[in-house]
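See the structures that follow.
Consider the two complexes below, in which subunit A is the common component and subunit B and subunit C are the respective partners.
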Partner chain A sequence: MTVLEGLGAGFMSAFEGARFLAMVAGVAWGVIGGAIPGISGAVAMALALPFTFALDATTALCMLAGVWAGANYGGSIPAILMRIPGTPASAACLMDGYELTRQGRAAKALGVSLVCGTIGGVASIVVLIAMVLPLGEVVLHFGSPETFALAVFALTLLAGLAEASFLKGLASGLFGLLLTTVGLDSLTGSLRFTFGRTELMTGVDVVAAMVGLFAVSEMFHRIAHPEDVPDVMVGRAYTAFPTLAELRELWPATLIGTIVGLIVGVMPGAGATASSFVAYNEARRWSKHPELFGKGSMEGVAAPETANNAVQGGDLVPTLALGIPGSNSAAIMLAALILHGIQPGPFLLSKHGQLVYTLFAGLLIVNVLMIPVGLVILRLCLLALRLAPPVLVAAVLALCVIGTYASELTIVNPWTMLVFGILGYGMRLSGFSAAAMVLGMVLGVMAESELRRSLIISHGSWTIFLTRPITAALLFLTVGVLVYPVVFGVLRRRRARRAVTAPPIA
Partner chain B sequence: MSAETGDAGGRPGDARRGELAIAAVLVVLAVVIVALARRIEPGVLTDPLGSRAFPLALGAAIGLCGLLLAATTLAPGRFAGGAPVFVEDGPVDEPAAPLLGRLVAAVVLTAAYVAAFEPLGYLLATPAYVAAILLVQGGSSLRAFAAAPLLVTGAFYAAFRFGLLIPVPDGVLERWLPW
Partner chain C sequence: MGKRSMALGTLGGLVLAALAVLGGPEAAWAQARDFPTRPIVFVVGFAPGGGADVFARALADAAKTVLPQPIAVENRPGAGGTAAAAYAAGRPADGHTILFAHAGSSIITPLITNQPSLKWDAFEPVARIHAEEEWLLVQPDAAWQSIDQLVTHAKANPKKVRVAGSAIGGIDSFVVLSWKQAAGIDVEYIPHEGGGPATLAFLGKNAEVLVGNVSEVAQHIEAKKMVPVAVASEKRSPIFPEVPTLREKGWEVVLVQWRSVLAPKGTPAPRVAALAEAFQKAMGAGSWKTFNRNAKAVDAFLGPADFRKFLAAEEERFMRIIDQLGLRKK
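Presenting the complex of A and B:
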């Protein structure tokens, strides 16, 4: 099957009635959820997960892709209208977006955000398709040792990008890996960490854990820190699309946003927030009117909004090609696969090609759908913003319990969710990384089973990891990531000491 | 995140003690993991690594992270990347202390809701839970306090029961319903 044939079939499949409706619903919820401060794209996706239980895997993924894309735009609505970023990634666009609102040009700013976001999203998906398929060919040569080395490398890389501290990020990831060992060991049949409880024999439910870590911990944070919830003053607003002449003026900023979003998106852990700020700065650097930035520049809205949406495609490159989620949102996409009985990993593309092609088509559709849905749903977003924060918190917590119960109709999952909600809140307070932990939980099964399979193949010899070039290279890179901070620290200290002891130049 | 963790905000001594406490927790956790992993019974089948090795290695690695965290906290100048950044001079924005009473109440209420979810049934447990969470947070108008529990319960019931065709637990109230 050629790429075009695959995409054609993907589009046919994506436009099937229920699937298309699910995407529309996903985009609508994404825009509304993203507009509500505190509900990030990942939280909006985690809350949408329970609604995918009744759907097939492909429809579920297309719907979640819609939530993801929609949340990127939704976050910019309060940022532009009220100077409140709906999502962290929309913080960059508020600098000029809100200035434009003060100048009475809010409608145009919303239109630029919507159109440029769509351009960035669509462009990034085209690049994703171009990159994932060749990578998928390479991955076909992967055996158990390579897959294990890839999982280890991904984990250390993401731990290194943890916000607070590398060690805490690493510990979070390791704990996530450990959680996947709970239950029945599929290779030997022994029970691990079940404490005699039959409920734990099937392991820790990833979806319940994820809902707890992302959504419940966020709600607990809002209860414990009500001062973090901004006061929202909602007025009236509408959207006005930019004219072709205006778009021509904005194309350099849009191009910069797309390129930055793609590059930052491919880097695991960097995310939409970093990309929108980098794009904003780059657009200002290359602009003909840098003096207007911060004072109501349309380019200052276009660049971060394009980058924000372009991250989606870049983020999905390692997610779909290698099974390594580059962000919380991508990890939720992989969790949805697990939920539907599909093991994510490097062989997703070769084993479930039709699903991946339909997802490609779905990603293109949801990015285009953002325009009509974004237009229609603006008024609903403003209504959602009027929702009192305590009501929102209560509703989200109730939904988390109902949703996790509904996944397997067992009360064990809501308990799991609650435990992880408390854990997530504690991790947030103490600087641990929930994202690294989730990554560990997603990669854990793959890491252990491939490690053990490799050793079965080699009759217990560890040299198998050194004699295969890809495996050795990946493990070498892993060691590099681990050792780099220490070596860098030593070198920096030596340089500083030399600078102090060096005689002054006469 | 640093502002929430106390790395950047708060007094340097407090932040250092906090980091050491976290390091100690990691080491204790590692000891528990290793002890539990050693008690894993071998399975029916065998492989070169066995069922214990992976959890044992992970436990040891978590412990190592804890020890390194302690080392980087005690000697921040010797390492890069792991040490928290302490603000030595000048005023700092202290993050507001969490409202622990509210948080504990919310956690307890959520646990009670989960415990009552099946015995009481969805339609009885949910409005009570939503009302209780609103009460804990305070600041809700009487109208919101009266309407929100019923609206939230009704909306989710309709979405799951009729939209997704996923059953929610039946309790006392559900017996009176015509469907």
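Presenting the complex of A and C:
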């Protein structure tokens, strides 16, 4: 069976019976779940899992694929409209997304997020289909040292996230890093900074903390400053799709997002959140208008939104090629397989080829389905925005509590959310960066445990970071990225000084 | 939206209950006993989709054919499974609440965090259900292809052999630490966030040895990406009978990843016995057998009395290792 034949049969099978309906339902729930703060993609999938028991294995997988894709997109709706990231992966897009909303360009920002997300999703699935087996080998080259190097590279972003002051941005990021040391240390089994509380054993929940830092603090802000709420209805259009000319302008950002999403997705231990931040930063670095980032750049929406959808294809590489889940979301796909009596593993493709090809077809379909389904749900979200501000604030806070509770079904998370909400509001008043703190929390676990693991692998020798080519390249890039602006800045100042002293040329 | 899913779940449960009440083999059961009179809540301390959850759902599904009431799985993840234990302990001890338990949730974590009220002996042992074997594996291109050769190599090269496995405090790490001590070798243990990442690290040649439970490694053995050299079970594995146990090599390392059911303290003994009997019967169901085959697990049923003895012995063994590691909170 060639890939195209398999895919053809897959498409036929994907439209069989109720599968298409299951996919529509999956995408719809994914977008809604993703839009609720606290319910990340993996949680939305876990909540949908029991509904798939009654379906056959293929339909179940297609539906879960729909939830996954939908949630990737759904998170950006509240991020753009209300400065509330629905999922951690959409925290990067709110920086410019909400700024665009303030400028009355919410419709366009939502359109860009939807279209670019679909492009990223579809592109990554195409790469997955074409290269799942060779990429399976590539995954094995990403060990602990490589993941550590990626975390270090991503940490350079902290410099870029400093909104008001560089020092405060850095401090916020470092505080986020420090918070990740709370809890059970998986490398020694000892408890750190739990102060005898079992609630702290599993550490500070990043999603709950993020909902607090962004959503709850934003609601506090709206209570304190009711006048500082942008009129989303400006222009009246619900969603304005980017024109072809605009897409042409956005394509470098979209390409960067796709590549970053795929690479980060393939790397074990790094996920959608890291990818969207890295993509945001890379898009700014290569942009013709880097000065617009943070002030309402369409590229600043396009790149992270493309990346977090493109992670899907990358995550599925180890999942399908080796039977080892590439992320929490992929793990739920595997659980669905096991519950339907199918053993995932390196033989999945050869033994259940038809199922895998139907899943491929389903993944392509759901990523496209995201556009119509996303539009419908977007309208509902916009209707909600017409509520009187006090009602809206109360409703959002209630959803935050439900969302953070639903993610792990423990009351600890809503409390975490509240504490971080107060902290976040305080940080906002004093100019500290919530985005930098979330990034620190996401990268902290990655950086610390992978560093320590690398050193065990190398028998304690630090040369491991220089002798492994991918690691060395990433670390070299990191140094370059840090040094370049300093050198460039000095040169530019010198040139500027010379320009001032030199006589003007015609 | 969690609310909606819960409402629909309840609806599904009611339909199941209705179906269960309408005749079938369970009619005889219902006449013979006054228990259970309503759906049984199976509290699982881990998230939906994980190994514990999948196990609980498969068992609940198999028990449908035996019990007159359905078993509803309720996930209460957090604090290494002990959050669920605290929750279950607070529910009525009438047999309608049961708790998922394995070594991590009911022995190791309560010992490490010094919470005796959440340990297995604060509950009534109902039954041990099944177990997954723990394997030691090596690279297919390594110079050592048997456990003896591996140990000889490790003795000659202290600290040079790296073993990948899941986090410290899990069964994987305990297998390696006990084996290290029993065999008198010095190997380096590389802990990972779970069995999946450990397997990836091993496949990427970042370790010489992998320790893992059979469900995670069987497919890779079949794909000839790893070679099993020993199993940490009491007897040789039915899956690879040619591979020796660590025990027959003279190292008393018997550790399996068992999964079981507890009930809140004070649950009447006849009800505990009834539940154990129901699970034993359920393990004969076709759906359970398929699940077990796919999970590469072996049935390891122990009734209430035997299970209690087993747990006491297991706790003593874990306590020794935990103290050697200095993990216990004073």
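Note that the second predicted complex is superposed on the first by the 273 of 506 C-alpha atoms of A that agree within 3 Å, B and C clash if a C-alpha of one lies under 4 Å from a C-alpha of the other, contacts with A are read in each partner's own complex, and residues count from 1 in each chain.
Just so we're on the same page, contacts are C-beta pairs under 8 Å (C-beta built on N, C-alpha and C of every residue); 3 or more make two chains touch, one makes a residue touch a chain.
What you see is a predicted model, and the numbers here were worked out from it, not measured in a lab.
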Tell me which partner A:190 touches in the superposition: subunit B (first), subunit C (second), both or neither. both
One more residue to check, A:405. First (subunit B), second (subunit C), both or neither? both
Is A:33 in contact with subunit B, with subunit C, with both, or with neither (first, second, both, neither)? second
Let me test your reading of the model: by the given contact rule, A:456 touches which partner, first (subunit B), second (subunit C), both or neither? both
So in the superposed three-chain picture, is A:199 touching just subunit B, just subunit C, both, or none of them (first/second/both/neither)? second
Once the structures are superposed on A, label A:486 by its partner contacts, choosing first (subunit B), second (subunit C), both or neither. first
With both complexes superposed on chain A, which partner does A:51 reach: first (subunit B), second (subunit C), both or neither? both
In the overlay, answer first, second, both or neither for which of subunit B and subunit C A:178 touches. first
Touched partner set for A:134, first subunit B, second subunit C, both or neither: neither
Common interface residues of subunit A with subunit B and subunit C? 50-51, 53, 187-191, 402, 405-406, 409, 456, 459
In the complex, the residues of subunit A that touch subunit C are 29, 32-33, 36, 39, 45-51, 53, 139-144, 184, 186-191, 198-199, 201-202, 268-269, 318, 322-325, 331-332, 335-336, 338-339, 341-347, 402-403, 405-406, 408-410, 412, 449, 453, 456-457, 459
Per the contact definition, I'd like the list of subunit C residues that touch subunit A in the complex. 1-3, 5, 8-9, 12, 47-50, 53-54, 57-58, 75-80, 82-83, 109, 112-113, 115, 159-160, 162, 167-169, 173, 188-193, 196-197, 199-201, 203-207, 218-220, 222-223, 225, 290-291, 294-295, 325, 327, 329
Show me the residue ranges of subunit A that touch subunit B in the complex, using the header's touch definition. 50-51, 53-54, 160, 163-168, 170-171, 174-175, 177-178, 181, 185, 187-193, 216, 219-220, 223-227, 388-391, 393-395, 397-399, 401-402, 405-406, 409, 411, 414-415, 418, 421-422, 425, 428-431, 448, 451-452, 455-456, 459-460, 484-486, 488-489, 492-493
Can you check the complex and tell me which residues of subunit B touch subunit A? 1-2, 4-5, 7, 18, 22, 26, 33, 36-37, 40-51, 54-55, 58-59, 61-62, 65-66, 68-69, 72, 77-84, 96, 98-100, 102-103, 106-107, 110-111, 113-114, 117-118, 122, 126, 129-130, 133-134, 136-141, 144, 148-149, 152-153, 156, 159-160, 164-169
